[in-house]
Amino acid sequence: MKEKPFGYRKSHSEPGPGDGGRTGSWRVRRPVIDLEKCIPAKRNKPACFTCWVFCPDNVISRTIPPVIDYQYCKGCEICAEECPAHAITMVDETIFIKE
Amino acid sequence: MASKTTILTLPEDELVHPGNRACAGCGLSIAYRIGLKALGRDTILVVPPSCLTVLQGLYPIAATQLPCLNVTFASTAAGATGVLGALRALGNTSTTVAAWAGDGGTSDIGIQALSGACERGEDFIFFCYDNEAYMNTGVQRSGTTPQGAITTTTPFSGKRQQKKDVPAIIAAHGIGYVATASASYPLDLFDKIKKAKTISGPRYIHIHIPCPAGWGFDPRYTVKIGRMAVESGLFDLYEIENGKWRLTGASRKLIAGKRRPVKDYLETQSRFKGLSEKRIDKIQKEVDTKWEGYAQAMSVKRDQDGPEPE
Amino acid sequence: MHIIESGNVAAAHGVKLARAQVIAAYPITPQTPLTEKLSEFVEAGEMKAQYIPVESEHSALSVCIAASSTGARAFTATSANGLLYMVEQLHWAAGARLPIVMCVVNRGIGAPWTVWNDHQDAMSQRDAGWIQIYCADHQQIIDTVIQAYYLAETVSIPVMVCYDGYILSHTYMPFELTDPEKIDAFLPPYKPAYALDPAHPANLNTVTLPDIRPDIRGHMAPGYMEIRHDLHVDLRRAIGVTADIDEKFSAAFGRGGNPFLEPYRCDDADVIAVCLGSLSYQLRDVVDALRNEGIAVGVAGVRLYRPFPDQAVVDLLAGRKAVIVFEKALSYGNQGALYGDIKAALYPCTDRPAAHNYILGLGGREIQTSQLLEALRTSCKTPDAIGDDPVWLGLKM
Amino acid sequence: MNQNVIQIRWHGRGGQGAITAAKIIANTAFVSGYTGVVMAPTFGTERRGAPVLTSLKISRGKIYDLSPITEPDIVVVLDHLLVEEANVVSGLKPGGLMIINTPRTPADYPFPGITVATADVTTIAAQVGLPPGIVNTGIIGAFARAAGLLDIEDLARAIEVEFTGKKPKRNAKSAKVTYDQTIIGGQ
């Protein structure tokens, strides 16, 4: 067998999502955006995006309307708390179990 | 100063991957995500053990899209020095070198290396993310734990000593830029980092980081509580540029405006539940005295310089 | 060209010839003249390197670790308590597989304070995962520093070049200063497999789990234990690499030829004295004197101590009547570490020699040649009466 | 132990330049065919004015024993006050040589079985225009004359090289004049 190069295996990590797994499963309640109230959605132009700025986990897109990545959203609720239009409500995950 | 960044001008490029191991509602995650946007992709990070080590991921997956050297607890600033030394030796003068340490890693075990690097004038940005205790190891008191805070090593009546003033210690090295910031004011943080990037030599940015698990509050209030720390005048946003100190942003507005009672802030967190009314009064008085000093300094300055543009 | 200079200056010339790019050091006696000389080379423009006057030894090695991780050839030097202050970083540098070279100017460890020579400092770090090479004179110091970079960068393991404080570090002796062009032809530039690079981001030395785990492409990545196993396997393989590099060096410069143990009058010896560092040269005079008395004795200085060249030890020592191990360090509460290593290497041999251990020269206690003569003569004449407990040589009260 | 090694012990004071003198002799010895040269200053801290030792061993072959000199063949004393202060005669081999910077003569140093050579290096150095107290170059002249191992012209040239920028000519002259004025006593 050919010998391996010296030190070819080191603890060098490569960037990628989901090191902590699908962290969406940590959630108890799910943030749901009411597009009637959401400022960029309502105005149909770039505005507000407070939820995007404050999301610790980078799971809300800066799009119109903003989209939440439920695969990774941990359900911290900061977006709901900070939304100036009160457009985000937290909905019990049990409701979505069937999905 | 360059025009202020708004949410709409904040870069969209995300350098932190979702699905990392940070707690839900982590204040560090907000500051880190915004911080990396400001630093940009031509950056090498140096990180000692802390919650950030966990956030950045376990081998072989990294949550951060920047090259990062994990180093031992006491060696952060020396690690940044070594990266810089090598970059200079290899002819690279453009890459930003940023160290990002916790409060223990900065104010306690890391301060010797940091002081040495500041004295030598190393060309890096050192971030201290201050969540006011050793959170990663389970909330033990650190040099920057504020007085009265219950931690697992100040379990009953809270820390007796005051919070170590690390930015003042670093500023005493006479470096070009020292600033404080808060996870709750991401645009202010972003602009300070941008400014720091235009300056050479050691730059130090101390970021106040609310921690739901360590401080005892619901994760949804992370941003609110960080804001209250500023609005009550407990944690102040300022920068010291070439020795000139000035309050910035929300803290600057407090000179003319009204500060929230510290009690509002302290009551939101279970770590302060051991505080008697008397101790809260004492803390309030200390904050009042500090701000009287600020007001005096500002009025003297105004007399000398005329009003400063906001 | 020969020059007469101190051992520290010989080391500094080695570092200069090896074209180290980042140097970080903190002053400690008796290492200081080495780093002073390097700072002089750098400031005078004779050496193109970054000299970083750090605030502690811990930071000195931290700087080297980071510089090496960023792709630069790094150097530091220390002694005694300075080395111990680095201990965390020593293990880190080995685990991170960084080809740093460090001179350890051997000195006793406090308490009580001593600034004089023994080997307790480096010996206490024999399990850190570094390669350790000991030198017996100035020529070996300068030549070893240069070869150490070749070795370190070939096997991705840091190398300690150890030499006796004061006895070598501050003593002036002639040594050959090889032309830089010839060294450049011998030692290729440092080209790491990976260096920190924004264009190719990687996160180095993150928390690594007890178990193996898939990477982002779904391929299994090693756990902590595999990575550490590699370090051990590569250290064992480094024995062969050390010999290869010595052969290349000998061919190019005509010096070397004994990369593991340096024997003197051992061919027909019944008894062989073994030790580390310059003491082996002092023992040559003792061996000559005993040979004149008709005693068949030789001496071998151990050059490569970690990884331990056990096959070379067996080849040299098995079948002799006795091996006498002189040590300037010990594993307190047990015996000399080198003594234990040699006995362990010889254990499988049916014709293993009797063994005897002398502890001497701690904290710079003068080692008189007459003392060595007497001790070695006694051990040669009555090898069977030799006990296993270390005998302290030169205790005065 | 090795009979072919000439062992020279230097007694001076911290700051007096005994190490430099020994170094010049070491270099000259090496180029004169002594391939074994070992020069070891006192191990430890050296404070200005305090008595210090330097060992110099020279040999036609490689020197393996780096231990301090206990039985010198030659003792060189840069300050005559050290003769009593530092027990300079300690271990000096029978028939050995002691070279002293002193205004006195060998007869004043009646060490049994020892050849004593003297030179008033301090005065000579002042006469050739060196600042007060520079005796380490002059003593080299006394060494050359008394020991007879090395050529004074080679040593003078080595002094000029070592003292480049620091009165090289006068230092070399100090050695040469001292060479001429050294008095060698009987045993």
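Letters A, B, C and D name the chains as they come in the text, with residue numbers starting at 1 for each one.
We adopt the following convention: contacts are C-beta pairs under 8 Å (C-beta built on N, C-alpha and C of every residue); 3 or more make two chains touch, one makes a residue touch a chain.
Just so it is clear, the model here is predicted, and its values are computed rather than measured.
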Relative to chain B, chain with the most remote C-alpha centre: D
Chain A-chain C separation of Cα centroids, rounded to whole Å: 53
Distance from the mean Cα position of chain C to that of chain B, given in whole angstrom: 44
Approximate Å spacing (C-alpha centroids) for the pair chain A, chain B: 24
Separation of mean Cα positions, chain D and chain B [Å, integer]: 65
Shared interface positions of chain B, touching two or more other chains: 57-62, 64-65
Chain A, residues touching no fewer than two other chains: 11-16
Touching two or more other chains - residue numbers and ranges from chain C: 201-206, 208, 215-216, 221
Touch-based graph of the chains, sorted into line, ring, star, complete or other: other
Pairwise chain contacts under the document criterion: A-B, A-C, B-C, C-D
Contact set on chain C toward chain D in their complex: 2, 4, 115-116, 166-168, 170-174, 278, 281-282, 284-286, 288-289, 364, 366-370, 373
Chain A residues within the chain C interface of the complex: 3-16
Contact footprint of chain B on chain A as seen in their complex: 11-23, 26-27, 46-50, 52-59, 62, 69, 71-72, 74-78, 80-82
Residue ranges of chain B in contact with chain C within the complex: 41-44, 46, 53-54, 56-62, 64-72, 74-75, 77-83, 85-90, 95, 112-113, 115-116, 119-120
Contact set on chain C toward chain A in their complex: 96-97, 154-157, 193-194, 201-206, 208, 215-216, 221-222, 224, 226-227, 230, 234, 237
